[in-house]
Structures are given as C-alpha cells and as structure tokens.
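Structures incoming, each one as structure tokens.
Below are two complexes that have subunit A in common, paired first with subunit B and then with subunit C.
And then the complex of A and B:
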C-alpha cells in the first residue's frame, strides 16, 4: 500500500533533518569560549566553582567532533545544562514553562485555524459582497495591529477600566497558593485540566479569566493571516474547471463551496497552520511578556537578555525539534487530504 | 422534427475594468430533437459562452443581458424559458436534462474525490427517487431472507431503514433525509442510497467503455489517462440520460486515436439515448465527422448555418470560406485568414468581419447583416447575398 510507504519514507527522513538541526545548534555553540560553553554541562550551581574540571571532562578544548560526541550524549541523557535566569536545569525549566504556553496554544490554535478557514471561505464565496469587504477590512486591521500595542490596549481596557476583569499573569496570587497547596494535585501542570481533575471550579474560572486577553491578542493577528490565505486559496479553487463541472451537475452553491472547493483550498492553509501552531507552542515572546504570562516565550526572552547560553540553546533545540515534528504531522495530513500525495503522482 | 432548444436574441456582456465587452450579440439558434449541431469558430468568438448561457453558468463580470432560451423539457409540454425560471429550477435541469462535457478532462474532475464518488454524486442528486425505490426493494428482499441468527438480529434495524426510505419515497421533499444526514450515527441509515448510486455509477462507467470499471470507480483522476478521464466525464454527464448534451471541445486535449474513440462513443451514446448534442469545436474536420448541422460563429454572432455536407461543399460566407481554406491540406499551402480577431472591447461597426473580408462592400461598414435563408436550410448573414433569395431571418 502506497500510504504506508509514504509514512515510512517520511519518518526515515526525520533522522537526517534532526541531525542537521543539532549540527546547526552545535555550530552556534562554537561561537562561544570554552568557559561559556561549560555552562551547558553544568547540572548544579556548585559545579560553577570548578569550571576547569568541566572543561576537561567534556573535552571543551578538544577538536569539534569530540565535543559534538560529548554534547549529543548529554542531550540524549536529557541534560541540556543549567539555566541561570530561573536557577534550574534547562530540561526542568522547559517542563515547567511548556504547560503555560500549551494552555495558550490549546485555546488560540483552534480559534485561529477554524475561524480563519471559516471566515476566509465565506469571504471567497461572497466575493465583492458586504461580508467579503468586512472580513477583508478586519483582516487588514488585525494583521497591521502591532502585538505589543494591541496587548497593551486590551490590558488598559479590560484590566484598567473594568477594574481587573481580565487580569495579566497566569493565576491570581490567591489561586496560585491553592494550586501549589497539598490538596491540589498537579497532574499535567495545565491549570485548566488540573482544575477539572481536582474538581476545583474557582481555579478553573480564574485561569480562564487570565487566558482571555493573551488568547485574543494571539488570535486577532494570526486569524487575519489564515483568513487572507484561505480567501485567496479558495478563490483560486473556485476558478478551477471542476467547480464549473460541479455547478453543471446541478449542485447547489453551498455544496459546491463546502465540498468541492474547500478541500482543495485547504492544502496551502494546512502548511501555514502547522507553522502557526508550532510558533504558538514554542512560545510567543511579545504576548507572554506583555501579559507577564510565564511561558516558554517569557523564559526564552529572559535567557536571551541575560546571555543565558544554555537556556537559549535549549530553547533553540526545542524549537527545531518541534518544527520538524509539526512538519511531519502536516505532511501526513496532506496525504489524508490530497490523494495525489498519498498515491504519488502529479500535483498541479 | 421539433425544436428542442430555441435561442432568441441572446446578448451577453462582460463588465470589465476596461469597459463593456459585448461577448454575444443578439444570437439566434435552433437545435432540433436528436440532432448534433456543431458550433465552430476561432477561439474567443463566444462558442463556450453560448453553451454556458444555456446552463446559466456565466459568472461575474459576465451577465446575460437579454434574450430567451426556450427548452422543450418533455416532449409535447410547453417549452420553458431557461432564462426566466428560478435558481432552484435551473439546478434541477442542470445535470439531469441538460448536461455538459468540458474541454479539459483533467481539470473538469475534482482531484480529491474518486471517480466513483463524482459520478454517483450526480445520480444521488437527480435520481434519488429511483435510488430510494431500489433501496426499499433490497431491504424487502433482505427481510424475506431465511430466519438465520444474523437476520433476526439485523431485521429491526432494516425495518427502521425501510420505514425511513418509505417516508422519503412518499414525499421527496420531506425533511427526514436532511435531519438524518446531520446526525453522525444516524447517517449510516442513508448509506444504502450511496451504495445503490455507486452501483449505478459503475454500470455507467461500463457503458462508456471503461475497462475494469469497479477498480476505476475507486481511483482518483490523476491515476487515469486523459482518454479515460474524458470517458469518466462523459459518464458523469450522461448518468441521468439528459435530452440535451453540450460537448465543449471534448477531444481537443486528447491525441488523435483517442479522439476517434471518444467521438465514436459520443455518437453511439447519443443515438441510443435519442438526445441532441451541441458540439463545440474549432476543428472543422471533427465537426464534419460528427455533426448534422453546423453554425459558424464570428465575434459573438453566427454568420452561417447549414447542413454539414452543404457547408463543406458550398460555403457561402466569406468567413466560412476563409476558415475552410485555412485548414491545412497535404501538399498545399494553408491560407491564413488576413488580419486579426477584433478587439472585443472595440468591435468594428456593421458586419464584424468586414475589416478582414475580401468582399466587403460599402454597407458592410454601417449595417449588421441580418440572417436570412438563402436556400432551404442554408442560412447566411452577409450583405453580398442580400436579396438573392428573400428568406426571412430564422
């Protein structure tokens, strides 16, 4: 079966790509002095006292390939070094910050992707009608709004004017204490899921309130992008011969658009959706900083401004791996939507 | 023979940014029952537009300005004006009474659905009643089966299915199928309709001489050759036995041997189904092979209509003559038509052809020549023949 061959081929391709990613990141590392690089191998602040020992142990003054060998072995053991900005190992920092970012992505991604696809196809189906003009205007405005400005304005209105309706940060101080108390089990560190599992409605409500503004900020900008893409891709699909055939069959306009045009129009949108999802999961620096929402983006920004090399490189590695796997999922979805990918053949 | 389709004063305009393009100009055309009418002319003269107007498929910025297209829907009934009926009524005619085959089979088929799905879609749409009856028959046969354990377990479900189908059969516009189709688990109850449609689609694919049609029904368009794709398109167009088939250059993108097979197939299907065909082509050789009568089009209007043997033996209009002379023949230099196709935004006054015509006279520049019958069945719109026989316009 061709589909299985496609999946196997696609999975095998991951290996060289990941190797390339590690090479690139390791290459970046070579720009630093051995002393700075040593931070990557430190797992405990006490080790900073005898850094010379670390340099010798991991051969940081040895040739590059020896160093790469040591480095990759450490990575496979889950040791990505010490992140000084948060005073914990990089791996545990990632595990601590990822749930916050995931929570944002879980809400923003469906809104962006499904909302964008829906509005984009509506606009294309009613080209040059009122709904098209309205959504296009909305898209241009949304796309042109700088994230930092939109975020600050939202904060000003919903936090300032409505006296704390939708506050920044992840949880209120009070709920933060509840979450970290003995009675509250943190199963996933995603507050919403944990709150449901613990049956704690107040934590659920509180974390939802904190999510509203950052999710809106992310959605407005990215939705505009998906919508514009979907509109143009849908317009292209609607101009194809098979649409005329579908109309000549006597199908109503709704079926023509939603059955015949949309599936073909989704193909380019899928690619971008993958990147948007990956972009959201690996942290949205500006949004997280404005709302003081401590996620991956916030941590990456802190690492970057404080020259926390192991933090930045750990983030870069996570980023690279995430993109590789998102691409894999996108490619598999392609095969699901488009039989020409699944079965091999011309793609026009 | 009665007329199946009567087009009168059909005018189509395109409202572009550069100005208004008069794409069809007061076109008159009759198509008789069971005839194959060929429409020939250069690219851009409005052949396809005429076809699309019949199905009301012209999309903006194009618009049908005026005219009437009377279609004799069922023998003897009052003909209906396709341009005057509502959107729902024209949809009921598209694909069932009048259907169309397009030039590029590879773009006319949706790349993401199987051939079987695409053919059965049109059957599901227009032959629902038939499918429902068939489904009821199948269920009744299953219910009458032996009292095995499987049957005893499945029968309550089948009874429910049958009552649903009977409801649909009594009232084709009932809301039941729509409601059931919305509920994910219930949707399976309608599966039998899809299965019956798939069976009919496969037999239709057999009829257009697709070998191994069960397998082809499972395949996607890109897995088929151009000839096979065009057969699938023909199967789709003829699935509901239309009385009028429009074929828009169906063989242009195919190579010559396949072209002959497709023409032969069309000829056979047309005579079996007693339908009329409007065959659009720019290839005069193909037109001679398949058509009974031919209309020659130039810049949005017809300039000559004649029976096929008459037209080739005795072309009258200077444009027809030039067109025939331009067909390459072995051992002869083809005579290209002098001048260029007029700019549609800026059509010449009077006879559209006069700037390129070797026989243009003074009045050609000022007056549009009316169509008149020169000899029996031979119509022409040219001032050179005006008054030779006082026929009225058709």
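And then the complex of A and C:
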C-alpha cells in the first residue's frame, strides 16, 4: 500500500515538471523576435511579402502569457498543434517517429548496459591484467569516437565496400512494400515485432539487418561509460570488509565477485543506465540521420532548428513524461537490488 | 536478477545479432555473383527511387509552393497544358486538347479532353477545370502560389483578402466559366506568361465531387470564409490526392518517404515504372552510398560534392544545365537606425550613414570591386556564368549583348573617390554584410567583395557575418542589413517573374531595399500588359539597361547545375523550369 502511494506521488510530479518545462521553453522563445519566429512559415524569398500577415495570423507578437494561454487551451482540447517540419499533427509525428527510436533503444540499451556491466566487472576482477588494459583501451577509443565519424565509417565499409551488406534506412525497398501491403498488419510499427506477429521471416531478417550498424554505433559510443563506471564502483566494492569475510570463509571467487561485489556495485550504474535508456528513447540525432533511421531525435532536431514551436513543445512534453517514468523505475529497481533501500520514506 | 541471467541475456543478444548478420550476406551473395559482369543487373527494375533532401509540405495543388511538393503534385495531377520537352515557351496539350487566345489577350479558351478518368474512377468534366481554379482562389493560402492566378485573372497585386474583408465570391467565379466542352478564362488585362502559369503544379485539375466530399469548398459563401487562407495542414487536401496523372499517391510517410504507384487507367501511354519512390535522406554520404549501391536511381548532389562523384562508375552525368535562379548583392537604401551593422552610423571611417547606398557611386564602386572570374572559377568551380541583370539566360527577352560590370579596381576607385563628395575615400567606411548559414557559395561571394574593396583602400572595412535564416530574415525585413546576398528561383520562365521582385518598388526584394524608380515601375507594368513580342522585347531590353545604370543590386552569377543518375536510367529531359531535378518521371525508364 505504501509503495502504491509512493508511485502515485511520484507520478503526480509529472504535472509540475511539464508545466515548468513548457514555461521555460516559452520564456526562451521571447529571445526571438516575431519576425524570426515567422521564419518557420517564410522559408523562401517568394513569401517575403506576407511576413506581417503571418505575425498577425499566428499572434507571434502577442505577450508571452497570451501565447502560452492559447497553447495550454489547445492542449486541454487534446490538440498539440501542427508540426510543420514533417507536415502532420504533432501527436501523429510522435506516434510515427517513436517506433524507429524505440527499436534502436530496445536493442542498444541491453547491449550497452549488460555489456558494460559484464566488461566492467571483468576488468575490476582482473585489475591490471590483460583484460583490464584491453577494456580500458577500448573504453578510451569508444568514448572518444565522434558518433558521426564512426557511423559514417561503418556505413562506408559495411554498405559501401561490402556492396550493401548492412544498408541504411529501416527496411529495403522491397520489404517496405511488403510491410505496407494489405497482407501485412502493422500492429506496433516496430518492424521486428510486427514481423514476428505476422510470421514474416523475410521482414524480420531485413529489419535486423538494417538495425546492425546503428545499434553498433550506439553501443560502441555509450558502452565505454557504463563499463568504466562499473569498474570503479566494483573496485570499491571489492575493497570492502565483507568481501574479505566472504573470501575468508572460503567462498569461491566467482561467487564473491558476482554475488557479493557486483550486486553492491550496481547502484550507481543503475542510475546512469536509466538516463542512458531515456536518452536513447528520446532520440539520437546523429545516428538516426546518418543511417536515415528516422526517429524522434531527427524530428526534434528538425523542429528545433526550424523554430517549429509546436514540435519542440510536444517533444518536451514527451521528454518530461519519459524522464519522470525512468526515474521512478530506477528508484524501484534500487530497492529490488539493494534491500537496504526502502521506498516511501520509512525505515522498516 | 542473477548475474548468470544477465550474462545469458547479454550473450543471447550478441549472438542473435551476429547470426543475423552472418545469414544475410549469405542471402545477398547469390546476387553478387551476377554482378561481376560488365553491366550490373538493374536494381528494382520496376521502381524509380530518388533520394533527396526536404520533404513535400502538402499534396494540395492550390497550396503547394515548394518544389518538393510541386514535383509530387505534377506527377499525380495533370495540368491543362505542359511544356513541350525542353522548351519553356512551346506547349503540348494535356487535359486541354486545343486552346485559343483572343486578339486582345484577355480571353483564353481551352477545350477539355474527353474520356479522362480521375484515380477514383470519376470522369473529368469541364466543370472540374472551372472548380480547380476557383477553389484555388477561394483557398488563397497567404504563403502559396495563388498570386499567380490572381494577377492575370483579377489584376496585378490582387488577392482574396482586402482590408475590408474577403472579395465577393462572384469576382472569383466570374473569372472562369464553362461553355460546353470548353472552359474560358477572363483575364483582367493581358498577361503574357499566363500559359506558363497554367503549366505549373498550381494549374493541376482536381475532382470537384471528390473535393466536396472531403470537406473542400462547396460553392457557398460560408465555405469560402471557412476555408480561406488555411494554416499549415488546414487544407482538406493536405495529405490526400486524386488526380488524373500517370501516378497515384500510395503512401506519404511525411519526413521519410513518398510512394506513388502507376495509374493503370491513365488516359495516355502508361508510365514505365510501377512505383515512384522519393526518400528524404539528409546526410550526403548516405545518399552517395545509396547511389553507388544502386539503391537509389538519382540522388540530390550538393554542388560542393560534384568532385566526389567524378570517378564513380555506373553513373550518367548531365552537365552545364542552366538554372533559372540568380543570387545578387542587394543594397539597403534606407538602413534602420537600429542596425548594428553600420558601425558609428556616420561617415567617419568607423561606420556608414544610414543612406550610404543612395549615392550611386558607392553602388557602382562596389560592383566594380567584385571579382566575377575568381568567384565563378573558385566558388562555382566554373559552373556558372556572369549575367548582367535579373533577366537571366533561359528567360524570354534575355539580352546576351547587355553590357555589364566587370572586375576593375581602377573604375571602382574612380567611383568610390567620387562618392559622398570624396569623403568616402578620405575617411573610409566600415560595414558588415550577411549571408545565410550553410551557403558556402554566398560566403565566398562575400569574401571576394570584401577582398576587392580592401584592395582599393585599406580603410574600406567589410565585416562578414553568417546568420541563421530566421535572423537573416529579420535583418532584411527590419532593414538592419546594409548589404545582403540572396537569390530567387523562377516560378515561370518569363522576365516579369524576375524584374518585379528585383526592380519594382513593390517587389519582394526592392521593397525591402526601399529602392524605387518610377520609370522602372512604369516599364515593368507596361511589360506585362502588352502582348506583342517585339514590344515586350524592347521593354525588357530597356529594363536590363536600367538595372545596370541604377545598380539597385548586382547579380553574382547564374548557376549551371548537374544531374547524376545511375547509368541504367534513360529518358531524362532537362527543362529549366521543372521543379523536379529528375525532370518528369513519366519520361524516364530503366534499361541499358
């Protein structure tokens, strides 16, 4: 019962968070003059003559609270506005671009987190041995690689050199036609899940094939962080007295490392993992752009650079909800991993 | 969560990916064997795939005013007439089988083709044609192309909106009338480029019955009021389409791709492809690899990357295609006192006065200080030519013999010594000029002008500022920028479409520059209203002369472009006014 109250209380946090975030964005908007904000509609010299009309029509010169009021009123009517950069309502833009991003996140997150935890604890357990040096080197290289460079390199090699081995985009032209045909039902728009639900092996393989490079890119770049964090946290745990006790009572090294040390070392890693997952779900601009794997990140970036305010706000709302949820899940997992942590503020 | 469980999940995922990765090359290898022969097999032989940047904004022909939308619309819909191959002045009948123009140039009549069906099976009737144009004017999206229909039919500068509200519906409905199998357009005054306007995507014919069923204008005043000047996405035809064209809209994944399928009931010869797919791929390297792999038949190649495709095999390149677009340096005649780009705001060597460019010697001095040769050779790698005026090559009445400015520092010095009674020369000046971010070509042009002026007198200090589009737009609109570089692309290939924005006191650019010359205004208004080609030629020749004399701005270059196709693509026809870089997909085919 207490846990439920805790969850509800945490979820209610969403309201002030969203309010704060959107107010902040509207505040920042005031740094742009009405003419600059009209640039979303006036993209070509041919439309120059209409700037004054645009400013008036969309109320761009009205006080910020009036504009915010309009926006909030629309929100309560379920209207998030029109995302001009992708020519569709903001709601459908989010629904259309989320699946691609989710697909990337679903595959990359476990690789990053479990790979990082695994390699990090291996490195700590074998401190200053070959594996420690190797992972350290790997971490430095992975962490320093610019995403755009790595992504382009992978694409040039595995798509260019090996004639189309791992292509960009989400599906091949042929499979894309299959996916959009009447015989194929798109339940989730996550191609992999849809392919399984439709029992279509070719679509499944094709979409896996298109996932390989972006997932590798994301993994290489993000894995290093978790790995190093896990290593240091693990080293700290391994130096604790209870490890000495465990070893002294004759436990085998494997149990000592994986049961006693690793579990205690997981707390900081878990916190960061939550943010890594949330970061992947709210989109990865460069990876999505290079592999033309268009998801939320690409859309949010386009909205931002074009001052497409409805899009930016819609994305901010999504992000607010996402982070509140992620934080909640991470907090719940703390308690699961470390029995000393009790939620709800009471020590039992 | 047991550690062993973690390890298992981790390994399972890694192995799944590796296995998937290994299986797929195996599938692909079968194809690769045959690829060893001299001519690789044509990929996706029944589909034409292009990878470009920038998605369409709408599928509504009356609303669309960006080339990505125009391209899709002119593939889905048919106009009454269209350009004959590469010509910009000759037309072929499409939905009109014949047409007549009255002697005074004010009545255009078109006989409508019979037996044509829309994609949904409805018959094309003359009343659909009438509806198409009236509906466009009723909608009259403020940022859209409808001014091109209003100008000839209701008079230059008219629109559906006035300070007193909407114009009467009768004004619109009287402009286009059905007469048996014929449709008649009643022009307010002769308008020479009217046929060219009808050949644009805004001249597409829509299905009246289908439009009304989808909530579009039903002929009433109430519906006129409700649908006029929609916000983006506000048109009932925003994302649906039903034309008579060779392709039908199958799917529009906005921001990602557009898929059209062949119309197997097309009234003319069927298109060569079953599908026409346009993908939006922002990253150049990705597009390039797609072209090399044959996964795209044409990709958009930015000018800066022409060199990267020089030695790539399996491509057909078309070079030296003149573009109907002209970048120019524009002078601000009445700089705003709020401008941060004029230094001290005085002629003291640390700035310029707000009316600095009203002195013609300053403008001429600037023009003579621009090194065209270096610009064309370096920034454009030779793919451009100098033109005298906005009446560029490819427009009717272009005068190839028009004298123009050239790089001559002695002449530049002469004019700048004379400017402002010698004060400019004595004290020097300091200004900042701006270009929009991402346009390297314009950046180089600014640098060349800066270097030229500095070479004459080290006291001539020009700063260059890169600005994001919104900032630059504000700078131009608020008259903050003393000099700015920007360009215009053609709507229709007639000189009026260029002299008006560049020279008329109400033109898009010149109005912002506060440039006004009554003689020029009168000539421009006369030029569009006369029908006789000889008379028009005299007027436009004179305007080209006046542009050089007055230098309200000066053109940096007319660009020529290239198109890179896979070598299995045949049938490309270049028409300089075509919004589609691939030409009309209807004429293309894939074969060796």
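Note that the second predicted complex is superposed on the first by the 264 of 348 C-alpha atoms of A that agree within 3 Å, B and C clash if a C-alpha of one lies under 4 Å from a C-alpha of the other, contacts with A are read in each partner's own complex, and residues count from 1 in each chain.
The working rule: a residue touches a chain if its C-beta (ideal position, glycine included) is under 8 Å from a C-beta of that chain, and two chains touch if they have at least 3 such contacts.
Just so it is clear, the structure is predicted and the values come from calculations on it, not from any experiment.
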{"item": "Touching partner for A:297 - first (subunit B), second (subunit C), both, neither", "value": "neither"}
{"item": "Partner chain in contact with A:279 - subunit B first, subunit C second, else both or neither", "value": "neither"}
{"item": "Contacts of A:244 with subunit B and subunit C, given as first, second, both or neither", "value": "first"}
{"item": "Touching partner for A:120 - first (subunit B), second (subunit C), both, neither", "value": "neither"}
{"item": "First (subunit B), second (subunit C), both or neither touched by A:337", "value": "both"}
{"item": "Greater residue coverage of subunit A in the superposed arrangement, subunit B or subunit C", "value": "C"}
{"item": "Touched partner set for A:262, first subunit B, second subunit C, both or neither", "value": "second"}
{"item": "Which superposed partner A:252 touches (first subunit B, second subunit C, both, neither)", "value": "first"}
{"item": "Contact residues of subunit A, present in both the subunit B and the subunit C interface", "value": "263, 337"}
{"item": "Residue ranges of subunit C in contact with subunit A within the complex", "value": "1, 3-4, 6-7, 9-10, 13-14, 16-17, 20-21, 23-25, 27-28, 32, 35, 44, 47, 49, 55-58, 65-66, 142-143, 229, 231-233, 238-239, 250-251, 253-256, 259, 275, 277, 279-283, 285-286, 289-290, 292-293, 295, 469-471, 473-474, 476-478, 486-488, 491, 501, 508-509, 511-512"}
{"item": "Partner subunit C, residues of subunit A touching it in the complex", "value": "32-33, 35-39, 41-51, 53-54, 57-58, 82, 84-89, 93, 96-97, 107, 110-111, 114-115, 117-118, 152, 155-156, 159-160, 162-169, 172-174, 177, 180, 205, 208-209, 211-212, 215, 258-259, 262-263, 289-292, 294, 298-299, 302, 307, 336-337"}
{"item": "Interface residues, subunit A side, partner subunit B - complex", "value": "128, 240-242, 244-252, 260, 263-264, 337-340, 343, 345-346, 348"}
{"item": "In the complex with subunit A, residue positions of subunit B that touch it", "value": "55, 57, 60, 91-96, 99-100, 102, 104, 107-112, 114, 121-122, 125-126, 220, 222-223, 233, 236"}
